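Presented below are the structures under discussion, each in the form of structure tokens.
Two complexes are shown next, each including subunit A; its partner changes from subunit B in the first to subunit C in the second.
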Partner chain A sequence: MLRSKAIGIGILLSIIFAVTAVPTGETNPGGIEPSISTLVEANGCSCHNVGDGDMNNPNSEVILNLTMPSNFTAGETYTLILNISGGPNDIAPMVEGPNMGGFMLKASSGVLTPINDNVWKPADASYLTHTEDGNNLREWSFNWTAPDSDSIVTSFMVYGNSVNGNAKDPTDNAGNSGDYWNSATFALAGKNAQIAEGGAHGELSGPKKVVYGFGIVFITLAVVVVGYRMVDQDESFEEVMKSYWKWIYPWLTTTDHKYIGTLYIVTGFAWFFIGGVLGLLIRWQLFEPRVDGDFLTYQEYNSTFTMHGTTMIFMAAMPIIFGFANYLIPLQIGARDLAFPRLNSFGYWLLPTGGIVLYMGYFTGGAGDVGWTGYAPYSSGASATRPGTDFWVAGQLMLGASSTLTAVNFLVTMLRMRAPGVTLMKMPLFAWSILVTVFLLLLSIPVFTVALILLMADRTFGSLYFSGPDSDPILWQHLFWYFGHPEVYIVILPAFGVLSEIISTFSRRPIFGYTSMVYAMATIGIISFVVYGHHMFTTGADPLFRFIVMLTTMLVAVPTGIKIFNWLATMTGGSVVLNTPMMFSLGTIITFTIGGITGIILASIPLDIAFHDTYFVVAHFHYVLIGGTMFSFIAGVYYWFPKMTGKMMNERLGIIHFATTFITFNAAFYPMHNVGISGMPRRYATYDASLTELNQFISIFAILFGLAQLIFVYNVFYSYRNGEKAGDNPWNGWSLEWATSSPPPENSFIEIPTLLDAEEEAKKSE
Partner chain B sequence: MSDEHDEHHAHIETPAPFLFCVATAIMFIGLVMATSGGENKTGDAGYWFVFILGLMGIFTSFFMWIQDYWDQEGEEDAHIETHHEFWATISTRKFGMWIFLLTEVMVFSTLLSAYLRYRASMPDYSPDIDCGLYFEDCWVPAADVIRSHLIFGVINTFALLLSSLTVVLALYAAKNNNPKAVTRYLTVTFVLGALFLALKLWEWNEMRHYNFWDESHNGCDVLAGQNIADHCIAPKYANGFWLNTSLEGSTFYITTGMHGAHVFIGLIALGYLIAKSNKDGYNEENHETIELFGLYWHYVDLVWVFVFPFFYLY
Partner chain C sequence: MSLISDLIYFENPAIWDSFGGTSSGLGGLTWQMFIWSVVVGVLVIVWLIYNLIYFRHKEGDPEPKDALKAGVFPHERGDVKIELTWTIAPLILVAWLTFLSLAPLDYMWDIPDNEDADVTVEVTAGSWYWGFEYANGYVKPEEFTKCSSNINCLEVPANSIIRFNITAQDVLHAFYLPDMGIKQDAVPGLDTATWVDTGIVSARDEPYRIYCTEYCGNSHSMMLAEIYVTEVNDA
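On to the complex of A and B.
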């Protein structure tokens, strides 16, 4: 009976979620601006060919040539000549004949003007095309007036049609057969434009220097350490290597949830460091308004913020969460390990290997540069780095597989393997937060993985999901944000769990309103699937769709508010112990609330249309992700470090770490709201000079924020060696992980504990 | 008591997951460099070697992984204790399989919703509306293209549905301690699955290269419109129907390709099951693996039940 009920509920839920996966709402398939090919077709100049090759693909036999000066001066007018050669009936291009060719040309800046009857410019258009007379030519000339600035590079995009002349009558459709077309882009640099030096000229680019620099430092360190041991301990090279192998082999082969948890946490923080360095590179680029290549080239800047975002979300935040979950969930529910230990190890190892694939772009001429969102058509078009963006896609696929399998593992473990007495409503709130999180992962990650497979097929095998003339780049946004929004809650819900544990322990009372906390988390989880449209307010989405997601987005504030007030109520009347984990938790409540409030501001359609893609958004999600997730997991490290290592962390260093982190974090990220309101767009490598002072302030405090984390790193290493002995339960915590020794024994529990409520406990002791 | 317990629960140590992941990374690096690396960013064929190396690594570590299960008798998760009645009605592994299938539901619902989104964006071909010179403004469904080769799809549907039955028969035979019959039924399942894939590849090949608009030979005529009996489907398919031809092609090949990949993975799992049943590994105590595979295989069938009408009939 129960079983069929469970199956019924399960099927119903999956149907509901499957239905919500269908992208809804009206969108503009070609983006906000009609694509160039639509424009051409709309004006009667469609490049035609039938019979040879398919019409969507250009033919490389057609050669386009644009005659232009070597550089241009601002405001000057130049006469440019375009000619076509190759293709059917390849005759001398000057010869006039009926229906020889056609073209269409667009310039990225400056003004194009026809100078004779062969070329015309459609009304309200910025491009040139041929007239009916011009149809009989394969060479056309026209004027181009340079833009006001000659420190930029203008690109000309040309479509040329090589026509075989069999269309005597324009209404005769058969005349379109046998024609070829091709497209080309020509760049014309201004006199003062700085053209980026590629790696090909011997000069190493900035990030490459960093990568090679780290490589050299690492190899030197390895040589020094091994050499020192060989000389000092008088060991042979084999002996040293053998001792290292003995040390590393158990880590490579372990399936113990505590070892894997440790690996996850360490890997997560290592990527956090790398992502942080990338973040500081971004801040240094924005230290002053720079031109292309001054510090990073614009393309390198794009790679930098892409890798920064991807690293921080997928390779730092999620592994740290999974690390704590791995270590603590079996302890908190009284199980010896996860349900599928091999799968757990598999899920972990996909993370560093997938990360390496993702970073391979740095060694092959530029990492992925499409933003962590990978919006089509940036990501499906030719402008994205190759093969860097392909590596980005492949690495993401591996990380997606990792999260899916780990989520399956956790759900089975938590539903089936709880110790006697640990009913669902008696689980610690951290366990509950992970339960909700893995549900979100199960339903959202596969969607993203499929979207990535489609993108990969587009980039590699020529399918047209996001890149064809009729395809809809907005579909990518639907698929991405269907995953991407739950992802935001995937990284924040576990933080809520950690906060609930810490605040309850250090207020010396049970959490206020446990049941409402559980329902609040579950509600946030459910709502998270119906709000994703708020990332797409500016895509031309259906107004009704926008209005509904605005309301549902604002609705998220209700359960979140319940949680915040429950934390406050827990502290009210409790005897609050102010030590490092608690300080970080209090700090989190403040910073997360600020991030939450800006979230509500961004949920409102009129404000979002103004703030969309400005630094206001950057400020918002850094307040939520650093001020929410990272702060609470750093609090988690201070809180659970004694359980994991048996040593206490140094309290004085901890307080210093908190004070410096909290001050520098706010100093660095709060002004981003201001620069955002002033209109500074995100993802731009430069900005208006009037914002220089604020940006310098931000950059300086961002660097200080980075340095402050070194205190934390030092504290961890210092305490691991010299910390005081912790004992089993240094904080007097209530959840089951404190019932085992510190560090926990090989099998986590000598005997599976039974959780009793107060009455049963009293009976037992009688 | 506790000592015995501890020994029983000693943690497994296996390098297989680690090696599997390293091999996967190598495979992806090879694939990406082979398809978009190189001087012109159009691929560096030398890297196919790296790709193959990675694939071999994956297979090697896959064999290392299943080694642990090879000699095992009885149920893998028998030692996992469950203390909560509601959640204990099915075994841990079956529970995991159901949840895994939930993620698979999301995979195919994404693919089908992407398909529906594009299908809804364009009118279906009809002689009454202006579809453009090549019918490029209309959706000329894969079903039209396939209609002349529909026999493949029909045979495939029966093969797959029949193979679902044979898996159940194999499970039934295992429960009745009839190992010979288990091997026989699993082999039949394998043959049916392989038949499905073979016909699928043949069908793909036909559709990719066949001329679906031959003016000189079949007398196709834009003004007369489609004539399916004469293979006059659409001028845009004059050079065959492939994933870069149109959105119809992309959605068809990617969706059926993903389904085919699932069948292929099922065949690998079947290979293991057949090998193990051949040494009498499955009996009334130990047959859950067949049941788990059956769940997956039924799911793959179920997906086909959606894919077939979406792409082959409608």
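On to the complex of A and C.
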């Protein structure tokens, strides 16, 4: 007994050790980042390369060398020598001429001082650079006074420039062309420095701290919970593990649509939480106009908004939608399960796996930093994080495969497995919205998959689809948005379905214009394939293409308007019961209408040219994605929670949740319109100081919005334990899921139901 | 400017007053968009509130005749005339807004030729800076004293037609003049063009802003430049 306990504790310890040990396997592909505070530091010597050459990237032909002692003593002054070799100056040495090379050097600690006229230190600066005299040299010496402590490591960041000397020709701008630069970092340890493992990577970055923080919290919780049971219930470690295993095993192996649906929903909300934390990191960075590294470095900021966008669309919104579809579609059409249960399970497990692959970038020197749109040629070039961006591409491919498999499954289920009486035009509107959605998925995802594979080939095999001399840099945008625009309708159409169900149920009357609702959704689906060019109004694509796309985009307003008016008409003449699901639905109508209106404004090319890629766009898509999709699916949780668990959700907590969410959401996102119109571009880690007040307002309410969601989390757990018992049909809905018990039995329906028509029902009861 | 007035008034004169150089004020595209946005928004909210006031369920209300029943597909509710109304009305509205967009669009896309513009500027975007060069042998007037280099700084005459020929060196960038409502992507290997009439902004000593608005990597947020609009006498 004692032995098995010891083994158990040993395993636990080794798991903890393994988890903490993983991050030390980190690589630093981009080298150690310089702190970028001025243009020169940001660009290296790129201003020397106007005209030709690969000015963006350092050139490895240029070799930098810094001569320095083997270690340093505190406070001592040393003379260091920097020299440059290689590059154009080697090929055509300008023996007599000026302009042979240049440099910039900064030290992470200590003080640099020039010792002759070749080197100078700009006023208020801490770095050294060459003077005009020093322009003619390829070797410079200067003094460095060591810091007060010799238990640290000082690193020297050097930019060196090898120059071909054509600046002597005063005509035009030729002076800068054909020059190459490189950068290097040299570390000089103090006498007493402890060179720790991984110490060269320095402090943990912001997002890493968060990831590690959650890891530590999670492990501590696990130890406490397991330990508590061992002590309190006097169970052995094995018994505790066994009882957990018994609980977790069905979740890992299930092919039941209800279990998989729940897994999808929980996973989706978990990623929503992680994506939300990333969003709050963005808002904290923008709390005031910060410079690089004040809170996040630019690189980290770029990774943060990339992962925020990708997480929210592909790992939060989509799984939540698939979760509800998984749980409800078989119930709504009267089937016992999906057509291919094991395929369904496979589709689900690709999701957390793909998500983890996407996030691997955080442990390998920086997550993908290409934006959720991944525009080439930046994403196909060398400067995007490596391997973070490769992980981003690989993860996206897996998520795409997951969606495709699931879409096939739903399509077959809905076309072949409907219960008697459930004709296509008698399916609930949520089922219809999913049917349209899966068509969109099946038509759009292959294009994205192809684009991702081409991008991956560019990144890893050196092909030139997106960044070669003869390739078209706009090609990626066509491929991406051909998928990307249907994608945003993929996430909004199911929300329309949820709203239609809830509004009809809580008005206690049939939906107004069922048929026109179905046609409106189908129309939106079809139009979605011919509007994608509105993301490309400023690219310089063919004007005729852009003009046609403006017309089709304007047309989307018509079916969307029909839906909104039909919902309102459903309430008119009804008997409206105002429970939490209904409140969230009505809130959604307001926020989605605002998002739709700004969509029309952005569809007008002249206005889009002014607003494109500013915070106005950010406001627009948060209004449709949070204010449309997320709000209606939160309403969906309140609405279907009784069906899934057999317990009602707490109404008072629900109302508080709605009020705080609705107010903080609008307070956080509405001012983004103003910020955008004032000209603040999106994806900026800093901004014009005159916008500080508004940005602080936004940040504060964004944080409050995040906190308000904790009420929801609490409500779910609280109601799961303490909720009132829900009957089979607590809200008096009509569709077939309300005809089975809550929660539904193992096989969903004891007996396959038949959907009656209202007329048949009337005859029967006579 | 206090926070409240910031929230109410979307401050950017370029957008409101002289947007795109065509009809401004209430007849202009921006104001029309704003007015119709408010009309539609208010319509939806008022109708919603009206429903909530007049059609709330009260204790003891009789069940509606066509109340929902589990397992029964409800009666189709609807009225073709009403539904046609709110199909056609939005159609007319978006048609009107599209029509309004045509004039400014035509104005914006009617880019003057290199020879017809008062000044043509070759804009080169690189990571992460803007390079400017006057083309067509334009002689810099002596009033231009504000820029010490042609990197991240441009000076143009007031009340003139400026054409920008834009290209990028490495990845996508976008040339954005927020105060003049101009934006054009800079694409490597492709020459794009845009133009602006500096008559829509006042000549002043402080610079107007130039931003990069297409994500281009690490220091995207620092890819800023300045454009000075200066009065030139002999023009």
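Throughout what follows, the second predicted complex is superposed on the first by the 560 of 766 C-alpha atoms of A that agree within 3 Å, B and C clash if a C-alpha of one lies under 4 Å from a C-alpha of the other, contacts with A are read in each partner's own complex, and residues count from 1 in each chain.
Rule of thumb we're sticking to: a residue touches a chain if its C-beta (ideal position, glycine included) is under 8 Å from a C-beta of that chain, and two chains touch if they have at least 3 such contacts.
Everything numeric here is computed off the predicted structure, so don't read it as measured data.
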In the superposed arrangement, does A:Pro341 touch subunit B (first), subunit C (second), both or neither?
first
Based on the superposed arrangement, let me know which partner A:Met550 touches: subunit B (first), subunit C (second), both, or neither?
second
Of the partners subunit B and subunit C, which touch A:Val223 in the superposed model: first, second, both, neither?
neither
Touching partner for A:Leu350 - first (subunit B), second (subunit C), both, neither
first
After the superposition on A, what does A:Ala187 contact: first (subunit B), second (subunit C), both or neither?
neither
Where does A:Thr404 make contact in the superposed view: on subunit B (first), on subunit C (second), on both, or on neither?
first
Subunit A residues touched by both subunit B and subunit C?
50, 54-56, 173, 421, 472
Contact footprint of subunit C on subunit A as seen in their complex:
36, 39, 42-43, 46-47, 49-50, 54-56, 172-173, 292, 298-299, 301-302, 369-371, 375, 377-378, 381, 383-384, 421, 426, 469, 472-474, 504-505, 507-516, 538-540, 543, 547, 550-551, 554-555, 557-558, 561-562, 564-566, 568-578, 586, 589-590, 593-594, 597-598, 600-601, 604-607, 609-610, 612-614, 670-671, 673-674, 677-679, 681-688, 693-694, 697, 728-729, 732-736, 738-739, 753-758, 761
The subunit A residues in contact with subunit B across the complex are 2-3, 6, 10, 14, 17-18, 21-23, 29, 48, 50-51, 53-57, 173, 176, 250, 252-256, 336-337, 339-343, 345-346, 348-350, 352-354, 356-357, 360, 364, 386-387, 390-391, 394-395, 397-398, 404, 407-409, 411-412, 415-423, 442-447, 449-451, 453-454, 457, 459-465, 468, 470-472, 475, 478-479, 746-747, 750-752
Touching residues on subunit C, where the partner in the complex is subunit A:
3, 6-7, 10-12, 14-15, 19-20, 29-30, 33, 37, 40-41, 44-45, 47-48, 50-52, 55-57, 61, 63-64, 66-78, 82-83, 86-87, 89-91, 93-95, 97-98, 100-101, 104-105, 108-109, 124, 126-129, 131, 133, 150-152, 169-172, 174, 176, 178-179, 181-185, 187-190, 192, 209, 211-222
Please name which positions on subunit B make contact with subunit A in the complex.
2, 5-6, 9-18, 20-22, 24-25, 28-29, 31-33, 35-37, 41, 65, 68, 77, 80-90, 92, 95-96, 98-100, 102-107, 109-111, 113-114, 116-118, 121-122, 133-134, 136, 222, 235-236, 238-239, 243-247, 249-251, 253-254, 258
